[in-house]
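Here come two complexes built around chain A, the first alongside chain B, the second alongside chain C.
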Partner chain A sequence: MTVAYTYTWGPVLDNWDAFARGAWIDVWVTGISFLLACVLGVAIALFRRSGLRGLAWPAFAYVQLVRGVPLLVFLYWVYFGIAIVIGVVFTSVQAAIIALTLTGSAYTAEIFRAALGAVDRGHVEAAAALGFSRRDTFRIVVFPQAVRIAVPPLGNIFIGLLKGSTLISVIGVPDMVFQAQQINLSYFTPFEPFTAVALILVVLVAAFAALLTGVERALRLP
Partner chain B sequence: MIASGVVAYTFRWSVVSESIGEFGRGLLVTLELSALSLVLSLALGLVVALARLSPLAPLRLVAYGYVQIFRALSLYIYVLWIYFGLASAVGVNLSPLAAGVVALTALNSAYMAEIYRSALAAVDPGQREAALSLGFGRVRAFTTVTLPQAVRIAVPGLVNQFIDIVKDSSIIAIIGTLDLMGVANQLVSYYRAPFELYTLVAAFYLALVLSISAAATMLERRLQRHLA
Partner chain C sequence: MSVTELEDLNQPEPGRTSRGGLLKVGGLALLGTAGAAGLTAGGALAAPQVAAQAGGSVLDKWTRSKKARLGVDLSFPPLQYIDRRTKKPSGYMVELTQLMMKDLGVTPEWVQTPFAQLFAALAARKFDMVGIAATILPSRALQGWFADVPAFYESNVILVRKNSRARKLSDLQRARFAVLQGSSQQASGRVIFPRATFKALASESDAATEVAVGRADAAIFSEFSSGSLLQNNRNLRALGGPPLFVDANTYFMPQGDIKLWQWVSNWLRYQAAHQTMAGLWKKWVGPSARRFGLATSLVGANGEQVPFIR
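Moving on, here comes the complex of A and B:
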């Protein structure tokens, strides 16, 4: 039954530039989705903390809803479902960014909500005592401190999105997994290309984890 | 190719009632896949956690490597690697379901090992010392004193991991299991109603996840009863 498998790394090595381009797509799609998810997450967190039930409740429902649905469902739902309903044809990259942003925003919203809640009340009171407006109190006193608190968990979300981005080839984004599948289809050597993308992902995750440690160190208060 | 324009979309929700039986079968496969992976990763995760806390340095190193590697990989890549890569390189031909269970177990046991490890560290060392001074053997002190308390601490983290297993199990559909996601994909190509069917499958996953959270809240309350 076991025919000895001959490892043929040639196709992988010859197409290293396709893997590099694919990996770069994963990284930038993740980066854009992460930034959008942070912006959306801050907005949702502010809604939840607004004290207005009309805003807080929908924000709570959004977080619960989005966290209960797998990323893969969102990818198909946005790319095939929503596109038909609203009559807009998304490119696969646009659909991937929308799906990753939606998923990410539910998690970043919870992180920002916890971080905003963790800022010492005394700072808000001190700012008020110094005559800061509510807006300035938030902008100058509360928000920067909340961001510092939020950085480590946000880093984990970034890495989670990067891992999630390996799914986007299912809607046709030519990322690194897509390249691996192309090589598998052309040369019938599944082991080598899939091992290659696994290694690339491990290296990327390790690199971003190291970067995150650096950012945390730079932000640490003396 | 869909012509973009302002043609109003007609929802076909009748598709939902027609396909609900298929989704029921898909739900069973999703539950089977998730439950098997949960049980196996709970067990394997504990073994890895114990290896990480072992006094033997090589064992600790292997367990550390295991955790680092499996936490860095994405389930999709791992499934492709097992189902296509390993199958052709080693000649092990797993069914899509088996490949899914292996992949889900390997990944989630790494996360669970870390949850167990921090829970074991959170148990007051005085408890173990008290057990030893009462004449308990090391194994018995661990199984009757330390571990039950650690499990109690670990429950919320393990539940979150289970929720991830259920959601991630959707990815296994890509290699051909007829779980909720696989059924949805099949029916979409049959009925051509992607919005309705993907919305329905989203609702199924959401209901599963919310039920698990609700059950977990009850379980946690029950586990804390003795403290009240």
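Moving on, here comes the complex of A and C:
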């Protein structure tokens, strides 16, 4: 039996600009989703720590539900499901951002909940002794410390979302996986375009890891 | 002819470690990446060929073992799909391939693989041949051999929403089209409608939903897919008229296996002369083409395209 595979790098090299545009889409879609996931995550974490059952239980249920649903399913629900069921038609980029935000928020919520819980109780008591209001105690004393604690795991979430964003091509977002699939289907060359995607992701992840290290260093207490 | 159980792609062949094979292929791909810049000058397509194994023709293997492992994507009714009643592969291409295997005295084993991964799986030797047809594209022919005779002709038609004002092609010059990613509909649609916008999606049903929910004005599909899509999306209709364009589809084989290529091409020529493909097409595609008024074509006695007069 003869099975031959001819490496065909031409289509990848000819379409490097499409790969670059696709990678940029993945980066900015991930960036926006991550920021929104952090905002949502803080809110959910505060609900869970509020001590009020009416807020804590829905927040708990949200985290459990969202963590259990795969990103791919969210993408289909938001893009097709909502349009079919209630007639709200999102663009593919909007749907991708919503799905990534929802997925990311369940994890960021848990990170912020743990980080808020890790702030020394004595600091809160000290703030109270100094006459800080509850709001100021949170804003000036607790939250900045919690953010410092949360930064390393949040970096992992960002990288997870960046890799997760490679799924958004299923709803037609022209990201780098979309470009790779396009070349694969046109030329029947699966290895070259997806190897290019892997290389781009490795470079992006390394760059963001370095950036994260810098942020951690900047936030480190003297 | 008995149809053996469907095999999962994850099942390794006896005596072969699939993970090891995958690592080898991955390793080669990574090595290839490192050497890519040096090997490929100015985007030229020439590259070193990796001959995995030179142990004779696939045809010899089949006739020796009386078993053929065929890669199929069974999600394209009525061409190839799982029959809900019998739970077995069914459809035009399945029946045609079964006839081919019967003539060889070989039992087919269907290895289900998504269309986009069929070629990768073939290169990774998950099966012996792709058991369904692919559109003959010059770009694809760089990587393998298409049989010399079409297995079927694919007539492409436009679907719009039932309440769409579009009645003729000129009404869609600036339309938003939804198409299947990597399909000839995507490539040719852009040429036919240069001022229109195109959105490529992962599956045909996704592209149909895109039109149904109003995100796209129209979609281009093959006539055989259009039948089931129209049946499942009652708010869609065919634009009507002659096909937008027609593509030839046939078996795609590994490069270099001239014995297999010659036999398959010869077999198809014989069946074309005997009207086998035409008869099967009328059986599998004819009813929905008639029901929804879709243009379609048959494989003629010399392998030529013959419009199907309903």
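Simple rule for what comes next: the second predicted complex is superposed on the first by the 219 of 222 C-alpha atoms of A that agree within 3 Å, B and C clash if a C-alpha of one lies under 4 Å from a C-alpha of the other, contacts with A are read in each partner's own complex, and residues count from 1 in each chain.
In this text, contacts are C-beta pairs under 8 Å (C-beta built on N, C-alpha and C of every residue); 3 or more make two chains touch, one makes a residue touch a chain.
Treat the numbers as computed from the prediction; the structure is a model and nothing was measured.
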Chain B and chain C placed together on chain A: clash or fit? clash
Given the touch rule stated above, what does A:V142 touch, chain B (first), chain C (second), both, or neither?
neither
Worksheet entry | Contacts of A:A127 with chain B and chain C, given as first, second, both or neither | neither
Which superposed partner A:L36 touches (first chain B, second chain C, both, neither): neither
* Based on the superposed arrangement, let me know which partner A:L13 touches: chain B (first), chain C (second), both, or neither? => second
Query - chain B versus chain C as contact partner of A:A115, first or second or both or neither - result: neither
With the two complexes superposed on chain A, say which partner A:L154 touches: chain B (first), chain C (second), both, or neither.
neither
Open item on the list: In the overlaid three-chain picture, which partner chain does A:A45 touch, first (chain B) or second (chain C), both, or neither?
Closed with: neither
- Message: Let me test your reading of the model: by the given contact rule, A:L100 touches which partner, first (chain B), second (chain C), both or neither?
- Response: neither
With both complexes overlaid on chain A, does A:S186 touch chain B (first), chain C (second), both or neither?
second
Clashing segment of chain B (vs chain C; choices 21-29, 93-101, 129-137 or 201-209) is 93-101
So the chain A residues that chain B and chain C both touch are 1-3, 5, 7, 80, 83-84, 87, 89, 170, 181, 184, 188-192, 195
Chain A partner, complex, touching residues on chain C are 25, 28-30, 32-33, 36, 39-40, 43-45, 47-58, 61, 115-117, 119-120, 122-123, 125, 128, 137, 139-140, 142-144, 181-183, 187, 199-202, 206, 209-210, 212-215, 252, 254-257
Per the touch rule, the chain A residues reaching chain B in their complex are 1-3, 5, 7, 64-65, 67-74, 76-77, 80-89, 163-164, 166-167, 170, 177, 180-181, 184, 188-192, 194-195, 197-198, 201-202, 205-206
Note: in the complex, chain A contacts chain C through residues 1-14, 80, 83-84, 87, 89, 91-92, 169-172, 178, 181-182, 184-192, 195-196, 199
Touching chain A in the complex, chain B uses residues 1-2, 4-7, 9, 11, 69, 72-74, 76-78, 80-81, 84-91, 167-168, 170-171, 173-174, 181, 184-185, 188, 194-199, 201-202, 205-206, 208-210
